[in-house]
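Before anything else, here's the structure in question.
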Amino acid sequence: MSAVDPVILPLVSAEQRKQARSVGFTLVVLGIVAAFVLGNRPGDAGFKLVDSYIFVIPAQPFARILALVLIALGAAQLLKGFGKWTNVILSIAAATFVISFLAWAASGGSFSLTGMLQDTVTRSVPIILGAIAGILCERSGIINIAIEGQLLGSAFAGAVAGSIAGPWVGIIAAVAMGVGLSAILAVFSIRYRVDQVIVGFAINFFALGLTSFLAARVLTDHPEYNILSPLRPIAVPLLSDIPVIGVVLFTQTLFVYFAYLAVGVATWSLYHTKWGLRTRAIGEYPKAAGTLGVDVIKLRYRNVLIAGAVAGVGGAWWPIGMVGRFDQNITNGRGFIALAAVIFGRWKPLGALSAALVFGLAEAIQLKMSNLDTGIPSEFLLMAPYLVTLVVVAGFVGRSRGPKAAGQPYDAQ
Amino acid sequence: MQLELRGITKRFPGVIANDNVNLTLKTGEVLCLIGENGAGKSTLMNVLYGMYKADEGQIVLDGAPVVFTSPGDAIAAGIGMVHQHFMLVPVFTVAENVVLGVEPTGRFGSLDIDKAREMVREVSDRYNLNLDPDAIIEDLPVGVQQRVEIVKVLLRDAKVVVFDEPTAVLTPKEIIEFFEIVKTLIAAGRGVVFITHKLKEALNVADRIAVLRRGQVVGEVDPKTATESQIAEMMVGRPVQLIVDKKLQAPGEVVLEVRDLSVVDADGRTMVESVSFSVRAGEVVGIAGVQGNGQTELVDALTGLRHSARGSVALDGVDITGASPRERHAKGIAHVPEDRQRQGLVGGLSVAENLVLTRYHDEEFSHGIVMDWPAAHSVAENLIAEYDIRTPSADIEASTLSGGNQQKVIVARELSRPLRLSIAAQPTRGVDVGSIEYIHSRIIKERDTGTAVLIVSTELDEVMALSDRLLVMYRGKIVADLDPKVTSAMDVGLYMAGSRPASAVNA
Amino acid sequence: MKIVVTLRKLADRIARTSSFRITLLAVMSAMVVGAFIIILSDIDKLQNGDILGAIKTVGSAYWALVVGSFGSLRAISATINSATPLILCGVSVAVAFKAGLFNIGATGQMLAGGMAALWVGFSMDGPGFIQVPLAVLAGAVGGAAYGAIPGILKARTGAHEVITTIMLNNMAGFLVLWLLKTNVFQRADRTDPISKLVSASGHLPRLFGFLGDRPDLVAHAGFVVAILAVIVYWWFLNRSTAGFEFRSFGMNADAAQYAGMNTKRLTVMAMMFAGAFAGLAGSAEVLGTYGYASQNFAGNIGFDAIAIALLGRSTPLGTLLAALLFGALQAGGRQMQANTDVPIDLIVVLRALIVMFIAAPLLIKAIWRIKVAPTSLGQTFRGWGS
């Protein structure tokens, strides 16, 4: 036994040391970008909150100060490390960097910040609902790669049924389609033990092929089956009068309110009900639940079908909540972004919500940027949500552990 | 209550797991089912518990035949089972695990967690099991986890409790506590069935012993009159040598020198703390300890599979702390891993491919980027013959071999070349008695040829019999360095549990 | 003569294995479902009560499929051309699967390779025997570089390749679109995103060029590259040291690590190999089929490649045959769209159905009531963490 314990710093594993270093480098790199790119536009940027109030940020000084702070933080991280505070510092740094970027883009003019935030909330809806569908499935032990196909199929069903019989029927049709595609996932993966990723992909091809096929065969000749007026935003009495937040959060379509509700209900159910306990059990250790008499198979079927319904509403957002029609491949990868949100949010509804908002923000910024003259080619702006997803998955997520039993067929016998 | 199994037969593709088994269980007594791995004990109990459906035969409860279609039915009939691998969700609390399936609910199906806590406390206090309902399972020591399983079973009012290999992961002290619990259960009018392969325990605790071999009941013995060798012979079908022959030998120079080694896992927990020891040529050093006290991480660090946070490892005086597994292998270190299916073999590859798994990059088997399969094949054939690996051909998938033969593949691969240091972790886990004999004799042979041997095992008997020197690990530290010839198993057990024998307190 | 014997033995072995039977039945089941879809989507005929007409459409559609894929030398030529990129991308996904990785990024890797090959193609002007191989090789290099990205991300950060490759696919599409509008790549007299033409000496030679009077036979030497790729893949997997490492790592990453294999290096290497094969597909399309590049010249090939690798169980021969099947469907599909008014998207549906039916032998058994040994496609997924 050693007489004096020479250890001053707590022991850290090699992985932790490597991660800490990459955080430090990231901060320094952000700082350098801020200094040389964001800092070369003089002029003031106006962030319009309400018609009467425009918040002005001088782009250049802001960027320069930010650069200094980021490099300092980066150096501090490399030398000592922030320990518990690392994620908080990183998030604040990222947020401030985004503000500086907006200031740079808008310098010499102004843009509606409130509008952009409102867009963020709207555009994150299909991702939130897709993510909740994904969480429900994965928590029960079924991997759902088919979110993309579910969203796409439901969008089609919603558009066609909605054009024929009105938006409410459209939503019901979309939900039915979501449930139907989920049923395929459930039957193939639970009863026929097919690899869940393969079924998921097959459903995606199938949905893409079928919707494109029907769009080409039926909708081009019958455009009356593909036009409807989307739902209008509804202002929540009282709450929508709050400046800024009232517009951003409480003057939205029913889809947004449904998304909030879904997040709330999912969180409460998962952690405070009998159903939630059993669901989490069958996702982590189905055999344990099985030995206690829980009907693992039935519960898995039920949860996958409910998830399909939620995804159905998410798919309906395109025709009924946004554009009033269906176009081939209208979802264009949002289902996979929803999947990334599930992982980023560590399979918790609230976590996925924050991820979805980040992606929604990326899209909203991209929209705004195409209206401002920034000199960035439009293709790079369109890449933004995908690049953000990539960076987030690579930087923040890395080694995350999902429900242990996800992906393995349940062996009762 | 009297429970009878009549003519139970259960078949799986290619094997008859249970063959016309007849057994009677009564409340108020302890029945022990003993047999080797693969004898059919667990399958039988799974049939009883409703997890499997018997192909033939029936279960008779108090004279009337019953059919269990799921564990729910068995539970309702009063049968409780504590599985060998605990059926506990690691990320849930004790209360959550205990009430799963019989949850107390409030409005809208909400979980009444306070009532659940109360229910756990009530049963735990009644049987003196001392459980904290809010503790998280993965943070609890294994002995406590077992008590959670017992509370689960008692909460559902089990009349017959079946334990599958209950003492496999307990310290000697915990084993004694476990048997006290069994006595309490009997006194409270329950029946206990206890599946094991450990002869000593069966003789200590059982009122009746039934021996299974290859799916059949080969006989029942009375523990008051039976001997260990008698039972072992019934288990295997031939006389078995239980103690390995070992001559005394003077150890040579120091081969492995470990100094102040510390290992931290990915979550920042210190698993191995300032461990120092050495192993000499021609010496077997054993590390005893309950699973989960850092042995796995220590072996990982010694073999290069994990980085150490501090400290050094030297082989023949040369520092190898930063060396990769391949470099260590090249320097003459062999590693027989504790989890043969996860680490030691690639199940989908053939036996021949597995036999060159750690040496394929040698000149002998590969020339630059091309593999020399004919050469590999002939070496494989030789090894199969020399180590008596039972396989129809060298080209079938390794996953089809039995546990014992898979272990022989690994032993053949690792020990068939000149070595300086041999590290074997849990060398006979899940291996049949016949192969155990063989593997023990090979380990001693290695030591006799002058190799330094390090054995890590949770089987106290094994590690005491094989070692020349015995170290004990507890909570990541080496807490004792003993001579197994003069130390009692009881004392070693105390060290394993973190305490000290009275005789050592003053030292 | 020996070749004939070997081929016959091969055919025998294919026909006997139950997986061939399953594939056949799966294709048939898919066609049946496809028939229903064609009938039920024929709104006009159904509204007029013309059920017989709707059914006749199925007949002409499927007949067109057959004729368009094998019915004439021109059809065979079209099938060869469709199959070429599918073979290469199928091998791309297959080699990644063997190493335990899920490469969805064949689309992006093909785009990257294609652009590289394109650049060599219009920057040089002969001689052909140097330019063509150089350009083809450039495609492989471009694809390998793009494939290295998700490989490195996985090795260093643990980011799962399912998500990163999909994101990189989308990003590649936008990058190509942007590049096609820059001065370097864009054709001088055009404002739409279309590239400069590959110089005449840089094209892959036509396979049927010796039939001087058939300019409509467009099959090109890219097919030869594809076949060579399959042979290289076979040799690599079964005879090379690295192939052994891939197979071990793919089946059991822990054991591979124990055996001293550098798992991080293997991950990157596997993705680079996969990228290289897909990049060759890009070379083939740009230098052979088109002679230039336009937006989205890779289409959605990444997903088709996955289906092909799954159908072929990631084996060299299986992947080749599956790719030929898909190529035939594609060539036939174009004929079908031309002859009837059934859109080519039906082919995508058929492919999805085939994959689903192949993946569930038990389902086939239930439908067709035959004895089938459950040959599973295995677990492709190893969990989100690494």
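Residue numbering begins at 1 within each chain, and the chains themselves are lettered A, B and C in the order written.
Throughout what follows, contacts are C-beta pairs under 8 Å (C-beta built on N, C-alpha and C of every residue); 3 or more make two chains touch, one makes a residue touch a chain.
These figures come from a predicted structure and were not determined experimentally.
Taking the mean of each chain's C-alpha atoms, the chain whose centre lies closest to the overall C-alpha mean is A.
Of all chains, B has its CA centroid at the greatest distance from the CA centroid of chain C.
Top-ranked chain pair, ordered by C-beta pairs in contact, is A-C.
The mean-CA centres of chain A and chain B are about 44 angstrom from one another, to the nearest whole unit. Between the Cα centres of chain B and chain C there is a gap of 48 Å.
With centres set at the average Cα position, the gap from chain A to chain C is 30 Å.
Shown for chain A are the residues that touch two or more other chains, namely 399.
Within the complex formed with chain C, the residues of chain B that make contact are 303, 305, 324-326, 329, 335, 337, 339, 342-349, 353, 357-358, 360-361, 366, 368-371, 373. Per the touch definition, chain C reaches chain A in the complex via residues 37, 41-44, 102, 153, 157-160, 162-164, 166-168, 170-171, 174-175, 177-178, 181, 300, 303, 306-307, 310, 341-343, 345-353, 355-356, 359-360, 362-363, 376-381, 383-386. In the complex of the two chains, the chain C residues touching chain B come out as 239-244, 247-248, 251-252, 254-262.
In the complex of the two chains, the chain B residues touching chain A come out as 49, 51-53, 70-72, 75, 81, 83, 87-92, 96-97, 100-103, 105, 108-111, 152, 262, 264-266, 268, 270, 274, 307, 309-310.
Partner chain C is touched in their complex by these residues of chain A: 22, 143, 145, 184, 188, 192-199, 201-206, 208-210, 212-214, 216-218, 221-222, 332-333, 336, 339-340, 343, 377, 379-380, 382-383, 386-387, 389-390, 393-395, 397-402, 406-407.
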